[in-house]
Structure formats: C-alpha cells, structure tokens
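In the two complexes below, chain A is the common chain; its partner is chain B in one and chain C in the other.
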Partner chain A sequence: MSIPVSIHADRALASIGGEPHVFHCHHYNCFLQKSIVEQAALVKHESLLSDAAAEVVFTELSALGPNVDVSALFQQLGFGLLDIASLTASGGLATVRASHYALGWKSKYGASDAPVCFFNSGFVEAVARHHFGGAYTVREIACVACGASECRYEVKPGGREVLQPSVGLGTLTQWPPRTPFATKTSVNEAAIIEACGGLPLAGNHEGRVDVFGVSLTRHFANYYNLISYRFDQQMAASAGEAALEATRMLLTEAGQVCAFHTFGGIMESAEWDALIKPQCKTTEDWVYGMVSVVNALGWGRWSVAALEPGQRLELVIDGSYESNGYLAAFGRSKTPRCYLGTGGASGLMNLIYQANIQNRPALTPAFYEHTFNDGRFFVAREIECRSMGAEQCRFVAERL
Partner chain B sequence: MTTRREKLVGFTYRPRGALTAEVRKSCRDEWKILYSGAVFGDEVWRRLSSLGNTSVFEASKLSPTMRDLVRVHGEGIRIEGARNGGLIAVFYLPPTSMRVRHRVEALIIGS
Partner chain C sequence: MGIEAGLRAAEGLAADSKRFSAQLLAMRPAVLAHFKAKDDLYPALAAQAVTANDSGAAQLTRIFETNMKVQSAAVRRFFETLEVTAPALLASSFKTVASVIRARFETESRAVFPLVERTAKVLEGR
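The block that comes next holds the complex of A and B.
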C-alpha cells in the first residue's frame, strides 16, 4: 500500500506527513556521507548522521499516525526492504535487504571496513520510538557494504529522551514572478514536470527507484539540511574558521558530484531521450531541459535568469529546500547556505559546456577529475541567499 | 561486478551496421549496455516485448514534442528507450549469460 505524497506544485515541493521529500541518487547520498565520515577526528559522524535521520523520520511517522506501514514507506522511498517483525518493546533486531546506502557505497567506493547505513539506523530508531514509545538506540551490526548478506540493526531501549522535532516544510515565502529569460527556450517545462510525475517514482519490489538511469531515493530534505548544517557547526566548533571554509567547499563539492552524476545520468537516460531531448533545438535548451527536470524533483523552483552560451549562467532558486530548512531550523545566516544549489549550478554548466554531455560520455571518476581539473572549468558562487535575508537564492557559474 | 566485467566497462562494439553498443556500469553494479546509432521504431519494440512485460508511458499525449517511453521487464533484464528514439538502455541483472545479451541484440537488429 503506498503512502500518499502531497505535491505542492506552486512551491515545487513534495511532502509526506508534512515533511518535505526530494529526489537524490546514491552518488550524492554516499559522497555527502563520506565527506562527513572522513572528518571523524573532528565531528561525531555516527550520531550526526543517525540522529538527524531519527528526528525527521520520527516527526513524519508521528504525523502519519500509529497505523502507518513503516516498511512500505521505507520501500516506497527507495531505501530497500525493511523487516521489523522481530522488534518488541524490549528491543531486538531489524534487517534491511538491498539497502540503498550499502549497495550504493559498494558500487561507488568498494567494500567498507565499517557499516555505512547510518540513515537506516536512524530510521529504525524512529520506528521503535513510534511503535513502542520511549527511547531506543540502534547500532548496525552487519552491513552489506562490509560483505554481509543483509544489513542488521540491533535495537536497545535507552538513549535520548526526546528527539528534536523536524521543521517540516520550513520557512516559506511568496515568490516574485519569473523573468522572461526563464522561458526563453523551446523546452516545455510544464509538460516535462507533468511527464516526470507519470514516471514510476515509488520503490519497486526491491525497494529501488530506477528512473532516469540512476537509483534514486525520495529522501527527507531536512535530513540533508540537518547533517550539512550540523556538520559545519561541529567543524567550526572543533577547528575554527579555517575548517569551516573547508567544510563549505566539501558540501559544495557534494552538490557538484550530485550534478555530475545525477544530472549527467539523467541526460544520458532513456527518459531524457524520450521526454526532453526531442524538445532541445540548441545547446542552451539542454540547460533549460535539465532545470525543468530539477523542478520536478522537489528542490524548489529553479529558473535560468541569464545564460551566456558557454560562458556564464545566472540561476535563481525560489524556495530552495536548503534555505527553507535553514531558516526554520537555524535562523538567519551570515553566509550563503545553498551548497547543493551552488554545486548544481557549476555542475550543470560543466556537463553541458565542458564535458559535452550531449555526446554521452561515460561518467566515470576519472572523467569527473578530468572535467573539473581541465583549465577553464566552471565554478559557481551563491551571490544572494534567502537564509541571509534575500528574496531569492541567486547563483552565478562562470569559467575559472 | 566481477573483475572481468569491470574491465569491459567502457568497451564499445558494433553488433551490426551502424548500431553501436557501449558497456557501462549501472548504479547497482549491473552491466548496462547503451545501444545507439539507429532509430528504434515500433518493430524493434514489438520484438523486444517478447522478452517480458512491457509498459508504455504515452508521453506524446502530454506533448507532441515528446516520445513515448517504453520499458520491458524480463528475466534478468530491464530494457528502456523511446519509441522512435535513438537510445536503448539494457540493464543486465546478474547473473547474466552471454546468451541473453545475444538474444537482446538479435531482437534489436531484427535477425
């Protein structure tokens, strides 16, 4: 039985139980996680990654009520197949088959020395709290990424008394109208968004969402927000301003990795060949086509504000999920906070004008390195951000 | 993915004529082969439909500038492409035999 997804077309968002959900593939999920895990000397990576999951999932389950089928939700979102049959009020064991994180990690980085499904641990913790009340802690004791046949989670009573509630859709504001440049294309954005809604976006019998040539998750937007912004808080607390700058570069690179693999995978997919490519008459239409697809992913409304072919992109995001979440959970910021948006802007331009994605190159790690180290690649910066008080988030991507 | 298969990632070959096949790796380490260099019309999709369950997303009804998207789910394979499109993506789910690949390619070619 599928759990209803509310589509907020006027805000380019989607939610379940009041929690915003966004599509991301394993490249972003695993790279972002790895960026945090690799700073284990400076941050408490396990709790950072699992606690945020427990908070957002518990908030959503509470809104969905006591009878929600948590395994169906897990499967529908593309995380794999969750079995909680042996869980009782005194704890027990939960298992996940075909874990998105474990299989994604193995595919991207090879076997791991330690379990990698921090999100799943947090999800199971939220499930135990939701079903039985009280506090629980969860530890992954076997992981497919380490060679196990399934991922196993040990659940014990105890731990944090109260979970911080998630901020839901976050801070929403009215959007100004789009500029004429946003529609200066032969690409029909409304039709693309409608078509994307008709694709099989719910997890299949294996808990996989195989669309656009990539393995997607319909993930919790506030999970990304909490782990990213707490990561940079912890880094600053541990190592000061210099570390903070490095953290922001890492988070922006995660966005760039996301763009390279996810946008790239989309532009090389059968879906692109069917739905978007026939509408593209110019190279610039590929930029508009990808922006149209992004506007179906629940990330807020992206618009091309200016585009100088091969040279410069000005991109505006209304209601980015990053700024919605940041403002609601952390308040006003002194610095821009849309790391995914920033990496996305540079990644998009690099794919189209630097990597010639139109020729369908293999998106290998070596090609990523080549693309982003080859002389005049594009870099992006966020020049206005809602989290700093601006009306919109605005990005400029230019050649180095 | 086995080391032998890993080595084949990036390998390009021509099953027949202008039809080009390129070996890729999917997000789940499956073997993915992209077939291009031809227009894949109704006849091709009718033949490929014999491999399993076919679903068609009729995007052309939403906009005439879009093509219908076809998916075939068969034993050990998933095939995706546009009707009259220029790309067929075939995901060979492990364990995949050479025989399955030859069968898929024969159906694409029409031999």
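The block that comes next holds the complex of A and C.
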C-alpha cells in the first residue's frame, strides 16, 4: 500500500508526514555524496551522511505513526527493497536489495573499496528507533558497491540519545506576484505540472524509479540541506575560507551534474516528446518547458525573469527547498546558499544553448566535460538569496 | 597597466567598439601571461601541500586547480579570439569575462593564498 504524498501546489512542494520530498537522480545523489566522502581529511563524512538521514527519516516516521510500513516507504521512494524482519529490540540485521546508492555508485564510479549506503544506514537507524524506542547505531557491513550480493546493516543498541528533529517544510513566506516574463511563452505550465503529477514515479517491484534514463528517488529535501550545509560548516571549521569556497564549488557542480542528467534525460524522453515538445515553438520555449517540469519536482516555484536567447537567463525561485531548509535549520546566512539552484541555472542554459539538447546528444561523462568546460559555456551565480534576507532567490546565468 | 585597471579602462570604452576592441587587444598579452602562470601555479601549490604533509590543503588545492583551469581556459579563449568575434558579442561576453576574472581574484585573495601561506609556513619551519 502506498504512503500518501501531500502536494502543496501553492508552494510547489510535496511532503510525506510533514517532511518535504524532492525528486533527484542517482547522478546527483552519488556525485554529492562523493564530493563529501572525498573530503575525508577535513570532515567526518560517515556520521555527516548517516546522521542526517536518521534525523529526517525519524521525524517523518514519528509523524506517520507506529503502523507505517517502513519497507513500503523505502521502496516507494526509490531506495530499493528493505528487509527488517530479523530486527528486534536488541538489534540484529537489516538488508537492502537493489540499493539506489550502491547501484548508482557502481554504475557511475565502478566498484568501491568501502560501503557507500550511508543514507540507508541512517534510514535503518531511524526505523529501529521508531519501532523499539531508545538509541541504536547502524553500520553497513556488506555493500553491493563492494561486490556483495545485497547490502547488510548491523544494528546495535546505543548511540546518540536524542536525534535533532527535522525542520519539516522549513521557513515559508508569502510569495510576491510572478514576473510577467514567466508566462511569455506558448508552453502551458499548468498542464505540464498536472501531467507530471500523473506519471508513475513511485518505486517498482525492485524499489527503483527508472525513468528519463536515470534512476530517480523521491528523496528527503532536508537530507540534502543537512548534508550540504553541515558539510560547509565542518569544512569551514577545519580549514576556514578556503574550505568554504571549495565547498561552494563542489556543491554548485553537483547542481550542474543534476541538471545535465535529470534535465537532459527529461528533455530527451518520450514524455517530453509527447507532452512538451509540441508546445515548443522556439528554442526559448525549451527553457520554459523545462522550468515547468521543475515546478513539478517539489523544488519550489521556478520562474524565468528574463531571457536573452543564447546569452543570458535570469531565473527566480520562490520558496526554494534549499532556502526553506537553510533558514529554518541554520538561520540567516551571510552568503547565498542555493547551490542546486545555481548549478541548475547554468545547467539549463548549457543544455539548451551549448549542448543543443534538441539534437538528443548522448549524455556521457565526456559530453558533460565538453558542455560545461569547453567553448563559450554559461556560468551562473546567485545574486539574491532568501537565506540572506531577500524576498526571492535570484540567479543569473551568462555566457562566457 | 594591471589587469583590473585594464578591465576598468575597457568598461569605460564599451560604447566605442573600435577603442573597446583596441583596449582588449592591448591588455591581451598581460591577461594571457597571467592566466598561463596561474595554470602552472596551482599544481605546484598542490605539490607544496603534499610536501607539507597537509592532506586537507592538498585536497582543497586540487579542487581549486580543477575549477580555476576551466575558468582560465574560458578567459583565454575570449582573449585569443578577439579578432574574429562580432563586436556585439564581444561587448556582452566581456561583461561576463570581467565578472569571472574579478570573482576569481577575490577568491584567490580571500581563500586560496592564505591556504598557500599556511603550507608554506609549515615548510619554512622544517
């Protein structure tokens, strides 16, 4: 039985048990995780990645109540097949087949020397705490990414007494009226959002959501927020401004990777051909078409604020999940915080005007390098951010 | 004339396409030499961090090296193709290029060079 997803159309958000959920693909999930894991000299990557998962999942399970089918939730969200049958109050073993993270990692980076399913470990910890009360610690002792036949998690009593509660939908504010430029297109955004809502985007019999040429998850928005912002906190604490700047570069590139694969996959999909492409009379309509799809992903409301064909995009996001979460969990920021939005803005323009996604190129690693690093590519920056006190998050992507 | 002064001079001539192009051509050798030197510098900085046995600094420097190399290539491409770029495109691209160059210099002053000093001090103390 599926767990109901609440759609907050007026906020362009989706939630389960009060926790916001957003669609993201294995390319983004694995790239983001790898960016953190590779800084092991500066951050405690294992706890950073697993603790955040335990916190957001535990908060959601608590809201869903004692009878929630946690394996069904795991499967529905696209993380794989979770088996907790042998878990008891004194611990035990949990297993995951077809783990999103393990399979995604292997497909992108090949075999790993160490387990990679940090999110799953946190999920299992939250499940144990939810079912049995008290504190538990979880360690992944076998991982498909390392060659095991399934991922296995050892659960033991003990660990943190209390988990930090997640901030839920975060800090929401009234949105200003949408810019007139946002509707200067023949693309029917409302129809696209409605159609996307009808797509079968829940996990299949293997707990996988394989669409648009990627493996999708309906992930916990606050997981991304916590791991990203704690990552830059830990980096700054260990190596100051240099680490903070490097973190921004890594997280923004994660956004570009996301755009390249997810936006690219969507714009090359049969669904795009059937529903959106026929509405696109100009190249610029492709920008509007993709922005319309994004507005069905639970990322907040994206709007085109200005568009010079082939040269410059000004993009506004109302209620970005990044700023909602940052403000609620970390307070006011001195610097822009929407890394995904920044990478998304440059990614969108590079796909349409640099990569000519209209010609359906193969979205390979080599083509990624070509698209974002060669020729006259687009670079983006966030010029206003809600986390700094602005009304909206505003991005400019310009051609170099 | 330094690069920042050159950028400001070009910005002041943006309305006059001939003088604008001439200014960009005049500052080209300095820009190309600067970015070539920087491209050579970053691997040396990473090596210095390794020698200083500072794995964190080495990792950070490699991240900077990767990102800066992409920026350098784009800036060099802009200046290397001045003669064959249409004036309107030149003017619009220059705004982005100038902003990228300034952001890079600011990042290097604020974040990169203090990191380099840190590893240099370790080596001096040996």
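Quick note on the criterion: the second predicted complex is superposed on the first by the 400 of 400 C-alpha atoms of A that agree within 3 Å, B and C clash if a C-alpha of one lies under 4 Å from a C-alpha of the other, contacts with A are read in each partner's own complex, and residues count from 1 in each chain.
Basically, a residue touches a chain if its C-beta (ideal position, glycine included) is under 8 Å from a C-beta of that chain, and two chains touch if they have at least 3 such contacts.
Just so it is clear, the structure is predicted and the values come from calculations on it, not from any experiment.
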Three-chain arrangement built on chain A, chain B and chain C clash or fit: fit
Partner chain(s) touched by A:400 [first = chain B, second = chain C, both, neither]: second
Partner chain in contact with A:259 - chain B first, chain C second, else both or neither: neither
Partner chain in contact with A:244 - chain B first, chain C second, else both or neither: second
First (chain B), second (chain C), both or neither touched by A:311: second
Which superposed partner A:25 touches (first chain B, second chain C, both, neither): first
First, second, both or neither for A:214, with chain B first and chain C second: first
Partner chain in contact with A:348 - chain B first, chain C second, else both or neither: neither
Minimum Cα separation, chain C to chain B, after superposition on A (Å): 26
Touching residues on chain C, where the partner in the complex is chain A: 55-57, 59-60, 63-64, 67, 70, 73-75, 77-78, 92-93, 95-97, 99-100, 103, 107, 110-112, 114-115
Residues of chain B defined as touching chain A within the complex: 9-10, 22, 24-29, 32, 34, 36, 57, 59, 62-63, 65-69, 78, 80-83, 85-89, 91
Of chain A, residues touching chain B in the complex: 25-27, 103-104, 106-107, 188, 191, 194-195, 198-199, 208, 210, 213-215, 265, 268-271, 273-275, 278-279, 360, 362, 364
Residues of chain A touching chain C in the complex: 38-39, 41-42, 238-246, 249-250, 311-312, 372-377, 379, 381, 398-400
